[in-house]
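Consider the two complexes below, in which subunit A is the common component and subunit B and subunit C are the respective partners.
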Partner chain A sequence: MEISIAVLLAGIAATAAPLVLAALGETLSEKAGVINLSLDGTILLSAMTGFAIAAKYDSIAAGFAAAAGTGMLVALVLAIISIWLGQSQVAVGFALTFLCRDLAYFLGAPFARIPGPQLSGLPIPLLADLPFFGPILFNHSIIVYSSFIAIPLLWWFMYHTPQGLIMRCAGENPEGCWAHGIRPRVVQTIYTLAGGALVGLAGAAFSLATKPGWGRPQGCEGVGWIALALVIFGGWHPLRVAFGAYLFGFLQMLGILLQDSFPAIPAQIFQVAPFPLMIFTLVLVHLGRNSKGNKLFLLRLLSGTPPGGLGKNYRPS
Partner chain B sequence: MNMPLTSRFSTNILQFFGIMTLAAGAVCLLLFMLDLSPTSIAGAMAAGSFTSWLKFSQILSIWVPLLLCSCGLLFTFQAGLWNIGIEGQVVMGAIGATILLRLPEGVLPPTITIILSLITACIGGGLWGIFAGVLKNRGGVNEIFGGLGLNFVAQGIILYLIFGPWKRDGIASMSGTDIFSRELWLTTPTGWRVAPAALGLGIFIFLLSWFLLNRTRFGLRVKAVGINARAAQLFHIKPERYGLMAILVGGAMAGLAGGLQVTGVYHRLIPAVSSGYGYLGLLVVMLANYKALPVPLIALFFAWLAAGSIQLPIMLQIDSSLSGVIQGACVLSALLVHGLRKKKGAR
Partner chain C sequence: MVPDLYSMISLQDIHKKFGTVSALQGVSLTVEPGSIHGIIGENGAGKSTLMKILTGFISRTSGTISFENKEVSLQSPQEARDLGIGMLYQEPLDFPQLSVLDNFMAASTDGNPARQRQMLTRLCAKFGFELNPGARQEKLTVGERQQVELMRLIRDQCKVLILDEPTTGISVAQQELLFATLDQLRSEGTAIILVSHKLAEIHSLCDRVTVLRHGKLAGEQERPFNEDGLLQAMFDTLPSKTSPPPQKETGASILTMEQVVTTAGRVGLDRVSIEIHEGEMIGLAGLDGSGQSVFLQMAYGLLQPEQGRVTSPLHEEDLVMRVFLPADRLREGLIAGLSIREHHLLAGNTSFILTGASGRARSEQAINTFSILGNTETTAEGLSGGNQQRLLLSLIPEGARLILLENPTRGLDVQSSQWTWQHLRDRLPEDGAIVFASPDLEEIMEQATRVLVFFNGSIILDRPTDQTSYQEVSRAITGQVEQP
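On to the complex of A and B.
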């Protein structure tokens, strides 16, 4: 099969867009010290609400808004039970994962396999006609552009604004935060909600753009776990996390391309393969980072440490 | 902690009813909003489950793997580990059992083959558990992500085997490998849906788990590591070693569940052999507040929900995922109630 690099890269940018949004959302809440383990369920539930609302009111914008709202709502439940009531973030997140998943299938049953609206492409005039870069960067739907913009925006916010500093402080050292007269739990709640909204958008990006429609299975099952792993192995840095998301998009595209070249191997293998491959790439990077001595440049680039207060619920004394 | 035993017991019972009322209330509210009647749904789910042995034994056939997974998880939770890799351990157990069950006929007597296959199932699951444990100890990979990655790998391996070396004569398909010969099935009397041997094994493993955790030095050390790894170290208990032992025992029990599914339920290896019982087991143990005694009852309740929900699409045109919604609501309510109680206690 003849395929140009530009088409391949454009395909990766489009397929990875929801994953980029979800992983960035999780980065936001984890940087503030809160693990939102419910990603896989949240993405499904918001994909369902996004599609259902968009189909019912025939408005894509309403769909995206509803999906973001759903993500925030799930994050709010997590924030109340873990941050404010002191229960384990992992436990609450895990319970939410399964509750949201089944809730999505249960409530979404009437919307399964019905035609619905779908986000159309929005080529940027002039720029889209550029050779090579045009199709890669400027011939997409609005959600893909959002994923492009979100990466530098989040990086800038986290490392170059006072609010970003406060947010990182709440994640690194809540006690210090408290001593400076900032209430860490309020800060954590805000960024958990904001992260949840991004994850919700990722859900709608699946059901309204990347894998349009709703059904059981929808096709985005398992992506939430990948997003969670990306944040950890991407060292809690938005740029590295986004890089990981594109790497996963590349593996998925590779699976689709190789499927045609190797008809003897069942298609199911190619659908599942990117997941273990991704995890193992990440583990290798991680192991390489831990071994002392000659660190490769690439590995040094990818190293990071978790926020000091990650996963611990702060209790003001 | 200094409360008299009876009062602590009644507080726990009271708390349990509080959790259940909260969960039931939330689910009923949801159903009312959707214009569905909770009573007719409950009726459809309960129909015959406690009057007909056939139906009840079907519930038991879900109860056995769920109980085994939950027992395994008790060990890892007590050691302070989140063994999310349990799904993969169930799958590897099923694969381990299938290796022996696929031996050419006449190599070993059937009964011996079945017994050995259950042992290889334990080994398969246990090794997969150890794998996640080693990744954590040596590689510094959090057990949640190591476990998840290994789940995907196990899924890849089982698909490869079913579509590759172990494919059915002629066509490979998602329906699994060829069915084993009848001598290799666990005996299931007519009118039963669960093999008595599997049932007995499930109950035995539960009693064993309770005994190991509450009456042996091993259990005490596992708990010590879970409560405070650093303090345990001062008593010359190596946290890494006990964590690894806990995940080995837990993985072996999950593997046994996989082996029993293969030889007792499906009589072949299928891609969805774990049926999500591992993940469901995590919810069971969380609802049991990580204690052994309530586990069989909660597992029975969850198994009843799972079995009953199969009827829903046929009888009421309602999606069967309602059972998952109820299970999730129960666990979330439990977390909420425990949290509220903790908050009250802190004041």
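On to the complex of A and C.
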């Protein structure tokens, strides 16, 4: 079997695009101190909304906008109940996951298995014809390009702008923020919503590009949990989180490729394998974190400490 | 110098309630520009609360604040910052995982890293601080973290600078540097408020001092200060003494510490050497977090010394011989959801299979002898503070020879306190000792046979209670001892 490296990498870039967006969205909200555990449900609900709106109005752009709006709406519910009303982020997020999932299947039923619009490729003139890099980087749909751009953009925002600093401060020590004259709850709300919008886009990226269409199951179930794990795996750093997303994309691609080589093994094994493999990698990283001193370079690169105020609701007295 | 005709900041009739508890009751205060105003008082006197109200960090229940003779609402730190009121909090409220430069830049109006780095370097040079802008904040000492915060406040050109116990946990060299900085700021016209409980600091720095006690104004003095007057205002006057503690014959040594050093807790322990004898009732005095609690944990064996030795004839493994009753009864001493009966079952001698009747007789007996208001099935959290303490005391095993207590009467009313002390006196074993920490000096002088005063992790006074005075001990608490 012959596999061109370029084709493999291009495949990874395309499959991982929604995951990159979702994981970056979660990074944004967790770096500001808010755990949005509703990710898996949010992705599914926004995938449904995105597809339904796009199909109904025959507009891909409207679909993406509706999906981003859905993501923000779920994030807003979380923000109000936990940041402003002081309820546990984990409990609220968990409940929202299942609520969104069931809502998606229920409301999406009329749109199941119907033909709908699909995002087409948008090769960038000239650049797409470059040998090797052309197909990897410049022959994709617009959502894949967005995922490429989002990575450095988010990194630059978080570490090189005053707003990014304020956002990290809010995640690190909301009480300190308040003492510094910043309103931590307002900051946290903003980035929870922004993160939610990215997660919503990830949903539409599934239903309008990567796994086009709507149905039960859609095929993006479980990805939200992987995105949540990736944020931890990536040490809350956007570049490392994105790296983790591509690693997962690679495992998925490997599954597809190996499936052809080993027809005797049931296809389901290959579909499911990336999940336990990812968990295995996470365990390795954590083992590497605990042993002092002689950490492997890769493990040292990937480990990080969570924001100091993660998951805690702050309320000025 | 021409005296300024207006006050920089003025607080009128400030009240603050936390739930039903009054933390401040009608405190008024006026601070002039170009002066250092000291706020002094015991733990829980309301000093920090008053300062946090001044920065809008916490809201006030009632009262007015004027800044430069104009009334201001001051409902948030943002408002305080815009007016030019800055505060150095007792526990640094910074961002440990971020760099020094990020901490310096946080919430600044100018987000240009290059300019801010330059500013930080320039300010450091001016005040003689050595800070590496790229270092992570959490790697810094408390003193250095404070310096970063101070630089930030100076950069923002604060007109009012509040420092809450700034010398806790910083080195002597850092303290000198800090004082020099404050002196310089005062000469530049900044109004500085220094919260402290160390009289020496007040003496060397302040122009004026306000004393708070139990959330009320207890006195105000201008330089030169009358120290006895300040002490009298700070601490409650001695009420009529109850019966003096029974002086028992002291016997053999029961616990020895030799040159014990640790960095645990806020200030750690610094070369503590002490011998505890049979028959002693020892009171640990000192300001909150001066080492008393670390000392108790060390004596119990919860902490191991980093240097030095702790020796005891009581067997290491035999924890039954030593008992430790921590300050936070419900969180550390008892298990909130378990009943009195279940606590007694946990305490030992339990049969292999538990039934509803197991331990009933034992706990009923305890309820009677310790007059606990509750039945065998009342949970620990269902008991009042006094009854929780009774339950804890009832759990002390018969053979205990070293009983360590942290604030044994914390949150108890007079009656419960008296009962507790009576019980402890009766309970003091012939071949054992009781060691207790208390923030209440009167209690120590009344109940203990020997007092140890902690200051910044060292024992600076060690006397039998009948050979010292209330004056001497309260002086020692603020760090002043007459050198023999």
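Miscellaneous remarks
Just so we're on the same page, the second predicted complex is superposed on the first by the 317 of 317 C-alpha atoms of A that agree within 3 Å, B and C clash if a C-alpha of one lies under 4 Å from a C-alpha of the other, contacts with A are read in each partner's own complex, and residues count from 1 in each chain.
The rule is simple: a residue touches a chain if its C-beta (ideal position, glycine included) is under 8 Å from a C-beta of that chain, and two chains touch if they have at least 3 such contacts.
Predicted model, so just to flag it, every value in this text is computed and none were measured.
Contacts of A:L85 after superposition: subunit B is touched, whereas subunit C is not reached. In the superposed model, A:I232 lies in contact with subunit B only, and not with subunit C. In the superposition on chain A, A:F94 makes contact with subunit B only, not with subunit C. Judged by the touch definition given at the top, the superposed model places A:Y105 against subunit B, while subunit C stays out of reach. Looking at the superposition, the partner that touches the larger set of subunit A residues, subunit B or subunit C, turns out to be B. Contacts of A:V77 after superposition: subunit B is touched, whereas subunit C is not reached. By the touch criterion defined above, A:A273 reaches subunit B but does not reach subunit C. Residues of subunit A that lie in the contact sets of both subunit B and subunit C are absent, per the superposition on chain A. Put simply, subunit A touches subunit C in their complex at residues 160-162, 165-166, 168-169, 172-173, 175-183, 305, 307-308, 316-317.
Within the complex, the subunit B residues that touch subunit A are 34, 82, 84, 135, 139-142, 144-146, 148-149, 152-153, 155-156, 159-160, 163, 172, 174, 271, 279, 282-283, 286, 318-319, 321-325, 327-329, 331-332, 335-336, 338-340, 342-343, 346. Of all residues in subunit C, those touching subunit A in their complex are 18, 55, 57-59, 76-78, 80-82, 87, 89, 93-98, 102, 105-108, 111, 113.
Across the interface of their complex, subunit B is touched by residues 37, 77, 81-82, 84-87, 90-92, 94-96, 98-103, 105-107, 109, 216, 222, 225, 228-229, 232-233, 265-266, 268-269, 272-273, 275-276, 279-280, 282-283, 286-287, 290, 315 of subunit A.
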